[in-house]
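The two complexes that follow have chain A in common; it is paired with chain B in the first and with chain C in the second.
After this line comes the complex of A and B, so read on.
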């Protein structure tokens, strides 16, 4: 156990090991509709997403902008925008369906049992209040801490996310800190009340490469120390490779492939996953070559094709692909993919 | 913060000097008071004598130096019309103006901010659209028209409230309303748009993800962030309400600085115009200084700049 781990373990008592068979989170057939700008149509932005997640494990949700990955994350928090509504499915969390809970009940869970980290740390904190004040808020609200106990907890939380001279930092304002530092503060706020589930939506996209690597390491350490169930929403397979146990690839609101991270990297079954992996810039090989991209445009959710949503951009398309959307099929080893040709490739 | 304060204070003093020059020059541009003081059949010699008694025959820059020297000693000159010190004349009517202006200011701040927050939170409901209708009327209706409508309704038809003078608290109600309505409209509209903007900010979403209650998010975080443009406009409203109540004071026959100034302008009573304008500009500059200080208090980024 490293020094930082030991420090972190001091802050929050380790949770008892969860029973491995029971997932902490079980999303079943989640469907979300979004009212279009003109209000005339309902778009299916999330279309039957399912996955289990155990404590201490990490799920990566990968896809292009607008594929529904962030919407899925917000639905778990109960923070969907007013124009969106849950059209079906369940989100089981510690044995309870979150989608059936009232806003008041969700407020008790948010920040206490389920926390979220957002993309841009420079705007995630209120610029007019000190770090200490914003860190104190969830502690006061959920844990009813005050006085010396509150102060002690604030300091040790900043230590747990490796922020030097925490006493000074508590009195500072967001504009006095760097992006990487602020994302650590956001992380400290997110884990302040010892949550079971942490959702990170593009947590490193706004950071410089050094800060990115440090923050991913921090997330991994927090997950292992507190046995967090971690969901990382990203468009970056590098983040996935570094942090995740399982990957869920989304396209046009649907899951196209899901499985253990090594399986997905070594044997991607869906042509979209294959194309995404091929589009990762390689430092060594193919230096002279051009960046590989995916032909065509991301789909317009208002005009999805009748068959497979990826068919218009798919290099292996067959007539059947234009007729019926392919179901998710078991590929073995917990690997599922929705492609009519998944068995052949 | 102290450095910040002194820098703003220095800027305020420069502004006051600038205003004194403008007031002094503009008052003289309005015409020659000797013609009004002298009898109609006065000879050029008599006119020249009056001018030299008033010091108007000296070059204008020398007149200004004399003016500043006197002002520094608290002497704003003597009213040509009333033959009284101009400063005491203005000071005697200042309380009436402050009473009306400050009550209109407090009213428009409280009502404007509260309704601005409500309309932002209840966006696109009947409350929102209804109050926005009131805002349009408040901004479009000229205060003299509004004042007369209020008099017609509450004084003439219903006979609930007095229409003119300054005898009791009841006399304040109508002029305060007439003066405050346009300010309420401005403050409401600005608070609403500032609140809409802050409520969609990322840190509000992060606060919600922390499980914070709606009232804490709205009143502690969103309103404080929205208050920066609102404070700026409140500063403008404060100087407008104290310095610009001329028309409302006239409609309601309210014995304030505004009415005195109109009379002084008509009579080319330089000393009174200068004293009145300078005094009102003190309040304007003071209001701006207050706004700057509030900015520093509210926003650490301004404080540490």
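After this line comes the complex of A and C, so read on.
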């Protein structure tokens, strides 16, 4: 090894693995039903979601309340609530179907190979335990670390998420830190055992703008350093513009559109995606201008329309849309959309 | 230039902390709002921005007279109201109303929404029962709800509809100024757009002035004519919305706008990072409160509180802001 190579190896201790051609995650036709609180109705919360995800890549799952984006994420984690039932499909992770695994097997994977970051760090962290205790939990459980090795790993994890004076922070409690700092602690716990897949559900919604920007920078850096497959669940297209390679847009439990992030922003094919993008206030827009809105309400998930779920609110609706649900059709360059009229534009 | 509707002059709010063995000792004071001055133009929208703990919501509480002012003046339409009582305070309160973030917590779950909207009208005591129910029906129409919605309870509405109800109640007494405290933060994107459009429609129709408090800089940019940027209880920059957005003068404003999420994946902006943590408002830094996190801080910043400088673009409280050339 030449001296220059040795230097490079020192600066870059983690050589990113070459991206294998096989995706790490392959979700196929995932379907989930949820029993309503009174038990009387069966809600179709996820209706055939499919996507591939490679290591080192980021997928944004975008949609409004109740579209099924968080339920999809929870299904990947094996954390569906008791009232939910997988009605079909597969979640392939490193060649295995997670949906076929027992709860015990999932427990070995969660926090080790697959991790999740939730919206509110104050809820995710226990106020009665120090940052160090909470960081030690996955390390003791999955990596069987203890003593000096544990301590060393705790410190290096806090450094990895850019928390200054980590030795001091390990002895502190959540209430002694700001929201942005706490979310970084949650990030450190999530990557503690070198996961391959990280799922972040609205990770910056509870944060101030500067903390939000910093945390998204951090997620991008962690993804690149550890070649994580990253899924970001969000209602905010700005988050996908900042962070994602691919975007999947959901409406009423279905994928309406999926594709490379630039394609989605420049050539949205589904009327729902188009309407959502037009509803975002943007700086350059004239103040007097009105934002585009979407009339009506999302459908009742217990009684989905026979045809396209968006048809009752769609400005471009045709009679066929009410009769048959449109399949996801290839638009080129890995861009798919489920609209009968997507090819016309 | 027309006189401003609301003129806030060197407003202060200090919360003294109790002393004691485990406390910070007597004499400790939270400087929640310090020397804050701004004006809300008549018929315009002023945005109040800044991050958690900057004092924007405390300022709103002072303006609504929900908290007592420690020092400074609030002039509404030329009259000082910061110590107003009795009929004068009542008159002020009907002219200045508020809409808050979460309509679920501002509407009682056990009251029909017709009664909730009628409440301020009944309290004002000027209309007969029939006139009140007519006015309630009119208000529901104006905010885009059906008249028979009056008989329903809050849980029978969606989040966006509940915010419409809160707005109907906010404008019931025909106020001149409405304080909007994070009015759309709890709503989905498409619903958010509906509510923002409604607020603009009502402003044009009734000549309302708005004070909009939000952490969402895109929404503030879209809605506001003027903007005030707060940091740790102080105003760091103020000016026309367009000018400040295009060319922020204060280092904090620059950092804040550089953190706005991009509108397109090809426009990932160059970010300006702030140093260190937000200081405590109990013992704020000497001189410029922003200096502990400012990338350009010098010795003078710790010694003197920077005066507000007219930069030609805006007024910025920074020792290194360049004054506009005098012509």
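Everything that follows uses one rule, which is that the second predicted complex is superposed on the first by the 327 of 345 C-alpha atoms of A that agree within 3 Å, B and C clash if a C-alpha of one lies under 4 Å from a C-alpha of the other, contacts with A are read in each partner's own complex, and residues count from 1 in each chain.
Everything that follows uses one rule, which is that a contact is a pair of C-beta atoms (placed from the backbone, for glycine too) under 8 Å apart; a residue touches a chain by one contact, two chains touch by 3 or more.
Just so you know, these numbers come straight off a predicted model, no measurement behind them.
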{"item": "Partner chain in contact with A:181 - chain B first, chain C second, else both or neither", "value": "second"}
{"item": "Touched partner set for A:241, first chain B, second chain C, both or neither", "value": "second"}
{"item": "Touched partner set for A:79, first chain B, second chain C, both or neither", "value": "first"}
{"item": "Which superposed partner A:300 touches (first chain B, second chain C, both, neither)", "value": "neither"}
{"item": "Which superposed partner A:108 touches (first chain B, second chain C, both, neither)", "value": "first"}
{"item": "Chain B versus chain C as contact partner of A:127, first or second or both or neither", "value": "first"}
{"item": "Dominant toucher of chain A (residue count), chain B or chain C", "value": "C"}
{"item": "Touching residues (chain side chain B, partner chain A) in the complex", "value": "201-203, 205-213, 216, 221, 224-225, 298-301, 304"}
{"item": "Chain C-facing residues of chain A, complex", "value": "64-65, 164, 178-179, 181, 208-214, 216-217, 235-242, 244, 261-262, 265, 275-276, 279-285, 287-288, 290-294, 297"}
{"item": "Chain A-facing residues of chain C, complex", "value": "51-52, 158-159, 188-194, 196-197, 200, 215, 217-219, 221-225, 241, 245, 255-256, 258-268, 271, 273-274, 276-278"}
{"item": "Sites on chain A touched by chain B in the complex", "value": "77, 79, 107-112, 115-116, 118, 120, 123-129, 137-138, 141-142, 173, 175-176, 186, 189-190"}
